[in-house]
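Read through the structure below, which is laid out as structure tokens, and then see the notes.
Chains here go by letter, A, B, C and D, matching the order in which they are written, and residues are numbered from 1 within each.
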Amino acid sequence: MGWNSWDCYGASVTEAEVRGNAEYMAEHLLASGWEYVVVDIQWYEPGAFSSQYRPFVPLEMDDHSRLMPAPNRFPSAQGGQGFKPLADFVHGLGLKFGIHIMRGIPRQAVHQNTAILGTTQRARDIAHPQSICPWNTDMYGVDPAKEGAQEYYQSLFDLYASWGVDFVKVDDIAASRLYGYHKGEVELIQHALKQCGREMVLSLSPGPADVQQAEHLKTHANMWRMTDDLWDLWEHIEVMFERCHVWTSHRAAGHWPDADMLPLGHIGIRSVDGGGCRLTHEEQRTLMTLWCIARSPLMFGGELRDLDPWTQSLITNPEVLEMHRTSEGNRQLFRKDHQVVWTARGPRNQLYLALFNLAEASGQICVNLADLGVASGTPFLDLWTAETANAHSDLAVRVPPHGAKLYRFAVQL
Amino acid sequence: MGWNSWDCYGASVTEAEVRGNAEYMAEHLLASGWEYVVVDIQWYEPGAFSSQYRPFVPLEMDDHSRLMPAPNRFPSAQGGQGFKPLADFVHGLGLKFGIHIMRGIPRQAVHQNTAILGTTQRARDIAHPQSICPWNTDMYGVDPAKEGAQEYYQSLFDLYASWGVDFVKVDDIAASRLYGYHKGEVELIQHALKQCGREMVLSLSPGPADVQQAEHLKTHANMWRMTDDLWDLWEHIEVMFERCHVWTSHRAAGHWPDADMLPLGHIGIRSVDGGGCRLTHEEQRTLMTLWCIARSPLMFGGELRDLDPWTQSLITNPEVLEMHRTSEGNRQLFRKDHQVVWTARGPRNQLYLALFNLAEASGQICVNLADLGVASGTPFLDLWTAETANAHSDLAVRVPPHGAKLYRFAVQL
Amino acid sequence: MGWNSWDCYGASVTEAEVRGNAEYMAEHLLASGWEYVVVDIQWYEPGAFSSQYRPFVPLEMDDHSRLMPAPNRFPSAQGGQGFKPLADFVHGLGLKFGIHIMRGIPRQAVHQNTAILGTTQRARDIAHPQSICPWNTDMYGVDPAKEGAQEYYQSLFDLYASWGVDFVKVDDIAASRLYGYHKGEVELIQHALKQCGREMVLSLSPGPADVQQAEHLKTHANMWRMTDDLWDLWEHIEVMFERCHVWTSHRAAGHWPDADMLPLGHIGIRSVDGGGCRLTHEEQRTLMTLWCIARSPLMFGGELRDLDPWTQSLITNPEVLEMHRTSEGNRQLFRKDHQVVWTARGPRNQLYLALFNLAEASGQICVNLADLGVASGTPFLDLWTAETANAHSDLAVRVPPHGAKLYRFAVQL
Amino acid sequence: MGWNSWDCYGASVTEAEVRGNAEYMAEHLLASGWEYVVVDIQWYEPGAFSSQYRPFVPLEMDDHSRLMPAPNRFPSAQGGQGFKPLADFVHGLGLKFGIHIMRGIPRQAVHQNTAILGTTQRARDIAHPQSICPWNTDMYGVDPAKEGAQEYYQSLFDLYASWGVDFVKVDDIAASRLYGYHKGEVELIQHALKQCGREMVLSLSPGPADVQQAEHLKTHANMWRMTDDLWDLWEHIEVMFERCHVWTSHRAAGHWPDADMLPLGHIGIRSVDGGGCRLTHEEQRTLMTLWCIARSPLMFGGELRDLDPWTQSLITNPEVLEMHRTSEGNRQLFRKDHQVVWTARGPRNQLYLALFNLAEASGQICVNLADLGVASGTPFLDLWTAETANAHSDLAVRVPPHGAKLYRFAVQL
């Protein structure tokens, strides 16, 4: 659970904005479990101003082909200190610090043929001639077959460890319209991370990752995207039901299929579209309910300092977050056309039921509680309204269009 | 674990042959856990003589559009008794009885527009106009949206229950070059099975099933094929390593990915090719090792009455079958080019290790035992040779081409 | 140029309707060149009532597996006379008579294993086990490798020749979502036609035919569809511009890429949708202009006896039809986004120019006439308005949305 | 007809080698019609030494982002003279001079953001961020939508015109495994060529070009490849029969589908494989026969100065080259499994027939001459053996495996 700069600031977040969000998180959200602060893409691009990348521009780079924070955007990085001062600040608040990187080595390093730490090979020797990202011109992929390739990634993670990084989101690696899954570079990265001496969460983007690669993903990363970038559009949420279902058998401690960020609150400040969240309250609650019962990592996308009370309550509901943190056996119970029901178990024999209505009209969703071991008369809680009631053998609830209900039952064994 | 008539007799097995194999199994193999006797495809085709289907020929059918055993091939089925007498015989030996069916309703029923039990709809009303099998002309698929479709499948399973069937292999349903996975008919069948009042194992063919459908398969069937028909060719075995790996997260009690039959011993009597198994002893041991450590269902394909001692020992090794029956956490430990290593745990803290060499030349395979929690000096057993030795921190074994080694370690917790 | 029953009557046209349209054509349209009268699909299905096919129903068939006109719909066919009386009637009006057939042999013939004329093989022997039509259940495809396959098709064309058929539209053959182009059956059919002793136009459906097969189509058929069924929807017309362009090099005397019927006038009487043409006058003129300058065969789809004066004028414009009949070098001159310009030459050095505006707003289309050899001051004719003007070096015309202009210039050589 | 450096020298040909081949051509082959001398890929790469490209290395470039001949390989290019001195030399021999270029703008220009002649835009402004070649790292594609894109290509062709270039082969443009056909850049190039004031043949590579793009290719280029690189392997030749057939309607004066170079004689000197031609004499004759009767452009790939008498006779047969130069109506007459027959007409009513046997065993090929208008008794010539004979109504010839026969008949009209 954390905050990521992409949904508000695109490629252009500044140190002041990161610090401001971190402070807000420490004060208002840490108690609910929100703790990661992640600087997303292109912190090394001095002229970044939105979510549109400027092609082929010069990037901030050290003498060993490693990208460095642009000091005009991250003043504390001056003098080659990198993200160490900012990470220290975040750690001082009791939080954790994360960064985004692109798979590969900077194209400018390759064309200048600069050095790589720990090997006599140079940038040109390890770059893959045809491995590019289909949406950004910063990097060439690294060819795992080349001598020096492993050393390059180790030099990156050694640097990040020295900064105190706790979380690394690697992009253009889990799925590519051009090349699919970059298995070889994932292996280089995981090996580099293991040897660097610091624990970091490894997150792979973008999606949709291929479920055929599930076993490899689970043994090489902590989270990976089930989807391409998710925005505040109902269509994006709707398809996630199938994705979360397909990945059901693959979620467990240490490795999580990722439904992407929560594009809620004040988003789009210097990013795509913008001006705030285009989802209705019902749709936002549906999103939060699915992400939590499917145990997706939660990364908030909005500017925290502009958080309105309603959105804050949505992301700090203690009962919902307890389910997100502790439930097991999370899975789709059934899907009938536009009605989807998920279930999960809590560690003290709680039964969770989430009822989703994906239709454009309200509809009644029915679940046989007896089949699930819920005795008639058992009290249950509506997690979003905090109301309680007693169970009958069937649960029949009217759910608004695009809406969700979330219940917790105490089950006698 | 059982025997299936396909690999020896194609579509043409007779009652005498089934009885003979059942008797052999009861006497020689039941003690090792072999218990199912399955009559494969086209028991309703009076003129079947090999594994080549005769297109468009008349089939044995009752008045309710249900295919019946051809009495010329199954004399005990005369007088409308169906497979009841044969099933009784098999049960009398302490074994279980299974049959194969094709998805759908006979084309001859549709063109004659015959009746269906339990509904006023007729064959023409429930057949799907374009749903055919790409390799056999017996049936049209059933359209799940049609009234009467569920009743038809119920009438089938009610009949099979009345016969005493314990196992149903449904074909042309798990994967089709024309149409993919027939989700709707799988649901009809599972529902029909549940209501029929008799427990039966539900097996879906052919493969390769789509791993995207894993959650549906697990909740609607007991086993499903990971492969198209597997024959006694090394290429067929080789690709199973990747398939077994991809399905790793989806095997558990009650639902098993199926690597298909064991084409060993005297096969091909009236089927494809024929004359005996074309795999070397090394390859057969590799096959048996993979099937067992991946916990695939085991269905023997050869004529049991011709079983040679070597093959019999291969399929009755008690240590190997214990692993097949009781191990957990079965998974590929790593794969490096042509070297594959699988591992599993036994219920008394045994560690199983299977080393496979898929290359054309022998090679040394190394596994770090310390990483797996095996202390130096721990004794271990070679399950195929019954030799024991003491472990070092590394296991380094020379494995012949296409060969396998299988070890069991006692692990201290 | 002719009339086809599909767009008004689907699969259900009756003899009276065919005779009525033929009489109208002879009286009002023959002088403009309209001469073929074509009975479309399922004239052998007694119960056909719309464009929806009834699956698996019995069809009218002779003793040699050949479908025959249903006498309840075509009374003159009684007594085994087939379409001979109706063809005679049409011929008596000075017109030509055509029929539609489906590729293959009736499924009912195959399941009854009926005889085939001229061979001892029977229906079951020549049917291809898996070759079905993806949208109709009448037939199985014929396997060209089978003995008797050629004889079957010869028996069909001998029959049609005896009836006096002038035009045969073969369906489910030029493109199939399931199987692509049925090259082998096209060859059987062309050979059967050649040997039958009567000239017939051979038309292949549906489309889109694959341009990779152009050389085969040109040497084996007279016309073939560039599109799936075309209806009175702007989207259907819009895509035809690219199709007509792609097939440019393949149109010539004797073999014509076919843009499908003109869904104009009173269509949809017992067919899809219905009630009349949903295209605006502008769109209809665009359609007629493109079909004529691309020299597509013209088959009118509306009920001729309900022809309104505007539509009649559209399809009988003598200048436009002269271009359709005699022009050469027909091709797209250029396409810029939503502006398309076609050109052609007439036999007396006329230059034709068709200007199309596919956009949703009106726009000015400019053509450099000097480049085309048109001298300034040359008089030219607007073929649709019959107005004349004198050319400048550039032609700049405002064209309404979805509209077309068609001009003819006299070019000095 | 000409010589191209690729098959012998890969990317590494030198000026001396070009001059040597040009001199040989002028002396020995010009009389037979061979006249183009083409310098293939990477003449701007100082370190090129084979057909393997060195990724990301610095290239010779002028101040306007235009690649220039590497002076160490082309001494006469020193002082910014480019290919002018070499072209002058070639012209002085009575020959024509051609070069190869890659689609796009040098990556080094983009990363250095160098100037473009005739516009204030710079290299970075016109490069397409994701348009790369899948097999070479020299260039980025140019985005046709960008201001300055047209000016860049004009500055290239102005330069080539100033050098006296007669032929330009543009690569990575007609087909790409990544991106298909680069229509927009083809249009930029054709426009640049038209305005440069010098006639040049425009040749597009690699293939296989998409036949759907035939109309665009014909109006924008003089030749385009029907195949990926063709080497001296039978499999490469075998597939060309279908390709030449598919493109039949699209060959005419000014625009020719190109079957690629003749990999004959002493090839592979510093290129792939090498050491000489791996085709048998029969196969070489088959290749030459197909290329000539399909009127493909002929570009010889071997070192001319090492030409052996047999190969020289193969490429200078006057009767065969006359057919190549003057025949019309060139097309496949029929194909039956491994037998292919092509035909063409000469301007004085000659009929050409080429008989090909693609099988592994010799076979008799029969052609009905009467159907082709050849009267019995007509004398005819075997173009390869120079023998004559008199025609019967059928021609029946035994053709060796992979072999070809080529005949010319005088046809009475």
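Here is the rule we go by: contacts are C-beta pairs under 8 Å (C-beta built on N, C-alpha and C of every residue); 3 or more make two chains touch, one makes a residue touch a chain.
Bear in mind the structure is a predicted one, so any value in this text is a computation, not a measurement.
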Pair joined by more contacting C-beta pairs (B-C or A-B): B-C
Centroid comparison with chain A (C-alpha atoms), farthest chain: C
Whole-Å distance, C-alpha centre of chain B to that of chain D, is 56
How many Å are there between the centre of chain B and the centre of chain C, using C-alpha atoms for each centre? 52
Using mean CA coordinates as chain centres, what's the gap between chain A and chain B in Å? 41
Per-residue overlap in chain A, given as positions that touch at least 2 other chains: none
So with touch defined the way it is at the top, what topology do the chains form here? Options are line, ring, star, complete, other. ring
Write out all the pairs of touching chains, ordered by chain label. A-B, A-D, B-C, C-D
List of chain D residues in touch with chain C within their complex: 211-212, 214-215, 218, 245-246, 248-250, 331-332
Give every residue of chain D touching chain A within the complex, in rising order. 53, 55-57, 107-108, 110-111, 113, 124, 127, 129-130, 132-137, 178
